[in-house]
């Protein structure tokens, strides 16, 4: 019998597979395909204080083994989330992790306070958002601003596990360490990588916003490297993601140092992907006589 | 009649397509497939003062739409380069760009001085190398060290065009600007991106060196974005590369702001790739009624 | 150990290729027999189609439900890029993956809700198809009992598809070509505009599918009805928010809230 | 305007699949008819093989020249991963790309340079094949005039390939299986070691191909000769330095300086 349980701070997961923020909505659509209770956790689409419109279309384009998105963090806003989306997700026996977005530290703190009070099991800070006070450079790329942000949210969050999602266009080991020192219960990575594609015939960028985020199998080797570096820099658990499409990919992230994994873009090609990946992890453990999934974490032989 | 000529500082190219350093040796092997004189320039495998052994195998592994290499900058060293490789490459009517590697600023300066004296048309600084004095962090990631390095080499180089090859794991716009201010005639990007892959069955990294460099189509959207950002930050020409496999890809880099392009990993799947890409650019110009290839540069409609 | 995925129900299915018929250089009809029985499909719904499980091309591509024939579900596809080019190489017996039927489809135009949906027998259905948007409205024609007036446009006459069949299925057919090589010179929406001149717009219900420019023109005709969006999609099931369609109430999802929208609801700029 | 690439000569060629014969669950022989006449190939040379021009899988894969038959160049391949799995689906008439023949190949063992290469008629060729390394040494057997003593090893008896044919082509055949289910229990190199016990090693010339562990063991037998490396390759033409083989003189390229190395030249640790 395989033991798939993992702990992410106070958060106890029945298995290490979660959805990646922004790739599974608030759970309802996936529930048309499978029972979300089968997953380790459901990570919700990023939430801001007020509803965000998002960017105009086209918002997505395919690239070699990947895709660029510029959804622009469209979301229903905190109030609607608390009123409709969270209660709906509560019907499943699965921990809910809210992913939050702000344009100032104050916004993050208010979001975290409200959500912690509403009883989500985890709060994931998306620090790739532009920091309006700092001229638009993201929270995740300015070390001092980043550490202050994590510290401030830490003070607010009492019950939920606090997860900090690192930006891949900054040195991850250093930022992982800063997140840990500022009180994060876990770090997650990678977010999508800033990228661009141009239609040579129209000469226009293939996403209207010009630059978007690259995700999917193409980024996997970069993500595995970053998870390896981050996990060696900190003692808190690491949640790995970026291009996971098969059980084998998930195992690769765990070998590199991830305690749990999230599945994003793969859901777009197959809504059942998270479950198939979980099956793949289980099969790998059986083939290799591994009893506890946590034994895989960090066991790459370098 | 299409005009394919481009200028990179003092360097006049008959067309914008060059080889990427480390993917075409010193030219001899490619010459078994086509006449190197047909290219815009030949960029040589990186050269250090002394010969370097490089890393033990396995050195390469395939990843989704890309590959990781950890050749470890194996090269014949400056003396052999000047004695055999450069004279051999001189038989073709094509500008030769040397790519140089050092572990201290002093090594870079000595390499540049010798090569400039030996009459190469261009010198490309590979600043991704570990800086031994700075504890192994690459020259390309520490802004002050980087600017000093470029400045020092600039003083040495009198006749060759000085090209600075930027590291993709640092903010490219800022480093491009610093390179320009320190006297670079051009910047080139991107170098391969630090990456990792693990064989889940053996639990061993798929390149012996654990971390290697990702290249190929997978990185193209990241490279195009960086070329776009770098080209808007500087006035000197930008040489774009990263995953170019078709004429259309080259045009995409030029639309984003590249004056010339380099072809790397694509050569491994097809040694004729640089010529086919050149043909593709020509066909694009004919289809779109573009007379001068330089008119494409930066003409993306954002 | 029991596999988690076997517990679940979904409309993801492997499908066997039954036929792959070339209509002309760039248009084909692909017949598919899903391994699992699929509900529906209804006109205006679509499938996410995957040629194989290789990671490049990565994403599935959306194609409308075209029709059922010989026990196969057919889609009409036009070769415009990578997946559609690979599709031309499919041969009978090969296996592909489809997810669907997805999306809302056109309203129930003949059933009990017909009046409420503005499909009363008293109204004449105007159907506008731009290019391969034809695939979307084709199954409407049969359902509309031969009463529809179809406006079908292509760039040039040689590109017009299935014309005899369309005439059989429609009350009236107006062909339009941008180069004027066949039928009306201009777009299908322009042809409809000419037709409507002097007529009472309340006598008609509109159904339109085609490129965004055409949907915009169709929406401006002043006739009530529906347009079907073909916005780019990544997931097709409502989770990525990639297929944004602008509406008065903010961005909606073509795949889940659409692809069919009431005229006036979807805004085009 | 004249295309630049038409000026050039190369040994890159599209090739038509003539046959794809299954030997057993995981071994196949693929027959290819190149569109352009290729020079050679000689035993020990290889081709870089591309299933199609899609970008995933990205790199070509190296396969040895196996033999010529029915006007086709054949390669013997074993299914171990992505490309080899895709290869099993190739059908007669489909087109693939090959680059080659590449590499040095085994020395000219029967021609004028035979003595110099250590292939004198006075010596008995010992040929050691580990697994699908058989493909590399197979064309040697015919060239060696039926004088070779072949040691051929697989994990288990059911995996042994082409045994009758190998017996026809060789003076003597020793089969070896790691599980002892057929022939000698152990590896092919171990079988050769047992055979050599008490014999004068100067009477033999060795040719070996297989996994690195086997090449190391073969190199340690004390017999002069050659090993063929199967180091992973990206380019196959000498430009990437990916296929490093350790030698006393630093790293050499399996693809360009090899794949055949003199015993003692390539070091295995």
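Chains: A, B, C and D, in written order; residue numbering restarts at 1 for each.
We adopt the following convention: contacts are C-beta pairs under 8 Å (C-beta built on N, C-alpha and C of every residue); 3 or more make two chains touch, one makes a residue touch a chain.
Nothing here was measured: the structure is a model prediction, and the numbers come from that model.
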> Which chains contact both subunit A and subunit D?
Replying inline: B, C
> Roughly how far is subunit B from subunit D, going centre to centre by Cα mean, in whole Å?
Replying inline: 35
> Roughly how many whole angstrom separate the Cα centroids of subunit A and subunit B?
Replying inline: 34
> Between subunit B and subunit C, what is the separation of their C-alpha centroids in Å?
Replying inline: 47
> Which parts of subunit C, given as residue numbers and ranges, touch two or more other chains?
Replying inline: 55-56
> What positions in subunit A touch 2 or more of the other chains?
Replying inline: 64-66, 216-217
>> So with touch defined the way it is at the top, what topology do the chains form here? Options are line, ring, star, complete, other.
In response: complete
>> Applying the document's contact rule, which stretches of subunit C touch subunit A when the two form their complex?
In response: 1, 3-5, 7-10, 12, 50, 55-60, 99, 231-246, 250-251, 256
> Mind pulling up the subunit A residues that touch subunit D in the complex?
Replying inline: 64-65
> Of all residues in subunit B, which touch subunit D in the complex?
Replying inline: 1-2, 22-25, 29-30, 32-35, 38, 45, 51, 53-62, 64-67, 69, 71, 74, 216-217, 245, 265, 267-272, 275-276, 278-279, 282, 286
>> Per the contact definition, I'd like the list of subunit D residues that touch subunit A in the complex.
In response: 55-56
> How about subunit A: which of its residues touch subunit B in the complex?
Replying inline: 63-66, 68, 141, 169, 171, 193-198, 200, 202-205, 210-211, 214, 216-222, 224-225, 228, 243, 248, 251-252, 255-256, 284, 299-302
